[in-house]
Amino acid sequence: MSTVPILETRGLGRRFGALDAVSDVSFSVNQGEILGVIGPNGAGKSTFINLVTGHIKPTSGQVLIDGKDMTGQAPWDIARAGVARTFQIVKPFNGMTVRQNIAVGIMYESHGTNRLSVALEQAEAILEEVGLGGSGDRMPGELSTADIRRLEFAKALATKPRLLLLDEVMAGLRPTEIEPSLELIRTLKARGTTVIVVEHVMKAIVAVSDRVLVLAQGKVLMQGGAHEVLADPRVIEVYLGHRYAKRQKGNA
Amino acid sequence: MDTFLQVTAYGLLQGGLLALVAVGFSLVWGIMNIVNLSHGAFVILGAYIAWEVQGWFGLDPFLGMFVSAIVLFCVGYVIQRYLINLIVNGPVFITLLLTFGINMALIQGMNLVFTADFRSIQTSYGSNSFEIGNIRIPLVRLLAFLLAIVITFALVAFVKRTRTGISIMATGMDRGAARLMGIRARHVYALTFAISAALAGMAGTMIATIETFDPSKAGKFTLMAFVVAVLGGLGNMYGALVGGLLIGLVEAWAGQYLSGTWVNGIAFLVLILVLIFRPNGLVGKAFYAARVEI
Amino acid sequence: MTTMNKGIQGLKGKGSQRTMLEGALVLIVIALALVIRTKLPGGELRAVSTIFMFIALSQAWNIIGGFTGYASFGQVVFFGMGGYFTAVVMLKFHFSFWLALPLAGVFAAVFAALIGQPLLKLKGHYFAIATLGVAEGMREVVINLPDLTGGGAGISVPIAGTFAKTQYLGDAGFYLLFLGLALFAVGIGTLVSRNKFGYGLRAIHQNEDAAAAVGINTVRSKVMAYSLSAFITGVVGASYVFQQVTIFPERLFDVEITVLMIMMVVIGGSGTVVGPLLGAIGLQFISEYLREHFTNVHTFILAAIIILAVILIPQGAVNYFREGRRTKDYSLLANIRRYRL
Amino acid sequence: MKKTPRTSAAIIAASCLAVFGINAIPAASAADVVTITLGASVPLTGSLAKEGLLTKEGYQFCQEKVNALSTATIGGKQKKIDIVYQDDTSKPDVAAQNLSKFNDKGIKLILSSYGSANVNAQAAVVELNKQTMVDSGGADDAIFNKGYTRTFNVMSPASEYATSMVKAISEMAKPKPVTMAFLSADDGFSKTVTLGGMKAATALGFTVIGPQYFPNATSDVSAALNKIKADKPDVILGSVHFVEGVAMIKQAKELGITPKSFAQTVAPPILDFATTLGPLAENVLGSSQWSSVVKGQEKYFGKASNYASEFLARFGHEATYHNAEASAACLAMVLAIEKTKSADADKIKTALSALDVQSFFGRIKFDSTGQNTFKPMVVIQIQKGKIITVWPRAIAQAKMIWPYVK
């Protein structure tokens, strides 16, 4: 295992007009780690993912992947460097079957096959893995909310990522539907894949994260172990509001 | 200097005419995301109606244009309500084909009914002009120019101040939400299209008074409306006016200071440059970004 | 030409039974077309050649408009540029047609790559109008360069005399040429529909961000698709010019040619190979038939057919049947209900 | 709100039904009649629909007259003419394809389309198919310098259009104007016209200004007008089509440009010119292929004046030169058929080469390239809303009004 972190950001920031959506975010993730990212609505979580994956160009700071400066690179270059992501608002390829959705990612992975027939075969394993086995011939439009989140997950996995950024893949899922996802994340970790989980569902974060990063108003509020972070009054305050923080104190 | 001022003034007036043609087209595109390829045919139809009205009743075109507007309002309402509404949720470019089909039918219809004759509405004041300094201002062109401005401001007032106008705007921004608020989208869409057609009818009347027209001109007006709407930008009611004036000026200057045959080429060059550097048009908002697609 | 190589990559190793069946079908069609050639008189050959021409054109448009989802409303510009390139090099530089033909395609493809860089950043109707602007603008350029292009007076390809390097092909010859182009275009379309490149284009069509996120270089793919599409269109334009002998800017940059391509693709079923093929055959045949038999009202009837087709099956014939097969519901009324407001 | 649209929908529906007329199909020929079929592909839709319709009327009129009056026989049977029409939608490739389709059906004798681009494309196909065509709608010299031998044009060549007016002004305008500005559309035909006119003007001692070009079919020629305004030309000569012609007169008025006279090709002899411009059209000069005072007569149409009056009675509008051109082309074809007593394209080609007839259209005779260089153009002037022939002097109906005062 190398000592160079798989992803590191240095003072990463993005301005939209007068608004600092994200500013001065510095952190790093090592290979095999699971990092949870939390923060209230509008904390800049999605912007942060977009900055890392090249969908939005940063106005300041750097993004390093495997120690290599990839700041401002195009999304496909980041993807081919082994970084995959899901979208908070799901973006399936609607005109294709579920299996074809996966095959695209397989073919465009940097060491992937160029042959469609092979890719379609390989897609089956990924579908099984995320729990979409048997749905390969269906169209994304026919899937349930839970399945469409799984598809989003599967599309990211198809590119055989070493680093996976999950943008609220569990939002809107029932507790029973969340468990398989968590299991999958753990499996990925066991395989050596690094995962950054951006979530609203606190329970999920606690369950899988080795470390948690808290964003508030575009800045890093704190980072540390899951339980440690969640117990921090500052986090409770920004995340759940003053009143909840007070109540927590009162209860304690 | 006089030449420059003369050319500029003439270009501005020509631009007003273009704005008049484009304002309805821009409205439909902005609100419903429909590019109406039959807009030019509406303009010509409006011209023929005003021409007939003048022939039958001797009605001055500045009154006849209201007859044109009313007839086209009805035509527009029916076309949107009973044809275009049927495929609004289809693939994006399907409306292009439908309106192209409508355009074909309208043009051929006018060819048969009016035997493709060249027409023009004659008035006693038709080509009169007056001088300011050394610059000649043609009367009817000036009136058409003023009409373009009045219509633009009236449209803004309508959309901002009236209940119907607000419901049109709301439907344009978010059809789902508008529906939840009790707005009947089918009716509002038809109404929007009807208003656009009525404006085309008025523009057609002005065209008929200033120039000659025949059914084969329809395509040209659609194209110009297209260019003007994009230049000005969508989602802004002043867009057509700005775009029209810009094209008018560019064409006038290009005609004067370059070879006259480059006029159209320069206009398209400006269009492409504006699109590349200001994809939302000169005064357009990022309407599509704000719009909720369902 | 790089675009071509990329497009062909996915061909290797599709040795399934399906391919053999399709191969057999193609051979039958070719054989049939060749037999027909000997049976038809010249004028009919010319009419069928026009159908072949539109098959090739609609396949070309389908690559950028159908697969990639960028409605090139100025596609005719490549037709015109390929055509004028051919006329100019044949007349002024005495090229043989067979040399001018591929070069015209390359010329159109390079032009597409150049304008594609800025234009393909635009979306939806904006892309459509920008390409339309390019087409209209290029027509003006051609008109304004009379020394090179003959300007508004038109230009004639040499078909007789010492400068005529290639003998005029005649109706039967052009039939073969356009048949070849149609097969070539359908072949390219089939390839693209089944290979990595084509899947990348479809992904771009559905969602560009998501496509980029799985590693698709969207900029390069779009430009390549545009160039490939332009190559085919340019080659067709070149052949059209040789067939017509004398050409004029109004016709070579006629927006109606673009509209026809789009109509054929959309009514047939965009993003499929069979769709544009059927659309081109159907629409061209119908319009030709109507023109011949209803001299005065043919446009009226054609307009009515288009309006009906668009309203009844807005997703295109092929997609309608595919959906019908999946959902077991072929009801047109249900189809209308799906797309109406 | 809801009732109005339904009513107007009904009106539209009704008007749609009304225009769906069915074409009358010519009656089948009797046993003792031999029918010779001519093919005519004309623009009935598209940008040239108007001219196409006029051309079709001219052909129709010719067919009716000839069939009613002809006593000529072929092989002892009475000869009848039938004309098959196709719409070429104003597109050259379709115009050409239509001729090939005629050829498939054995129709070897062709009456041309309208517009130089269309006829140009047709001429190439006629050559390949060994058909024979008489041209009534494409006057551009470019059609006839390619060495084709099977296309014959009844019209005076393009170079004559402006030249005739320059000559007329030089001969008749008193006081003789000095400066002449040339404004022109930028299509091939108009440019040929302009260059011919400028050459003639220079030769006749006029000071030539221009040419200033504007895009074909534009309705805004103000740029070209502004550029010559400072030169205050005595004559503004426009090589125009209808739309640009009308725009030129209107915009000159708007811009305060007042030459002693306007002279325009093509536009003024079109009936709509005087009706759309009203008083502004007064005294504008125009060049025309034909007018109702042209000299010459033959058995079918008689004199030009007979042609004019009978045409008016038949079609309800005055005959334009487009109508006359078409009738003349058809007439030339008919005369060649009667001379050879056959429908053989080669024989008729030879007969056309030798044809020399004085007709209502003037002299019809073709030079070695197939052009009718033997017929002068006439110059007309709009006087009191009427199209009046003022040149050549021998057939003038009235004196040229000069200068243009207003």
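The letters A, B, C and D name the chains in turn, as written, and every chain counts its residues from 1.
Just so we're on the same page, contacts are C-beta pairs under 8 Å (C-beta built on N, C-alpha and C of every residue); 3 or more make two chains touch, one makes a residue touch a chain.
It should be emphasised that the depicted structure is a prediction, and the values quoted were computed from it without experimental measurement.
Contacts with subunit A and subunit D are shared by C. Closest chain to the protein centre (all Cα atoms averaged), using per-chain Cα means: C.
Each chain gets a centre from the mean of its Cα atoms; the one farthest from the centre of subunit D is A. Per-chain CA centroids place subunit A at a distance of 48 Å from subunit B. Between the Cα centres of subunit B and subunit D there is a gap of 35 Å.
A separation of 31 Å divides the Cα centre of subunit B from that of subunit C.
A separation of 42 Å divides the Cα centre of subunit A from that of subunit C.
Multi-chain contact residues of subunit B, defined as those touching 2 or more other chains: 108-109, 112, 259, 261, 264.
In subunit C, the positions touching at least two other chains are 140, 143-144, 296-297, 299-300.
Shown for subunit D are the residues that touch two or more other chains, namely 16, 19, 45, 186, 215.
Pairs of chains meeting the touch criterion are A-C, B-C, B-D, C-D.
In the complex of the two chains, the subunit C residues touching subunit D come out as 41-47, 50, 140, 143-144, 150-154, 156, 160, 168, 170-171, 240, 244-248, 250-251, 254, 291-292, 294-300.
Subunit A makes touch with subunit C in their complex at residues 53-55, 74-76, 79-80, 84-85, 87, 91-96, 100, 103-105, 107-110, 114-117, 119, 139, 155-156, 158-159. Those residues of subunit B lying in contact with subunit D across their complex are 3, 6-7, 10, 14, 71, 73-75, 77-78, 81-82, 108-109, 111-113, 115-120, 122, 126-127, 129, 131, 136, 138, 141, 190, 210-212, 214-217, 220, 251-252, 254-256, 259-261, 263-264. On the side of subunit D, the complex with subunit B involves touching residues 1, 4-9, 12, 15-16, 19, 45-50, 53, 186, 212-215, 217-220, 222-224, 226-227, 229-230, 242-243, 246-247, 250, 253-256, 270, 272, 276-278, 280.
Subunit C contributes residues 65, 71, 118-119, 121-126, 128-130, 132-134, 136-137, 140-141, 143-144, 255, 259, 262-263, 266-267, 270, 296-297, 299-300, 302-304, 306-307, 310-311, 314-315, 336, 338-341 to its touches with subunit B in the complex.
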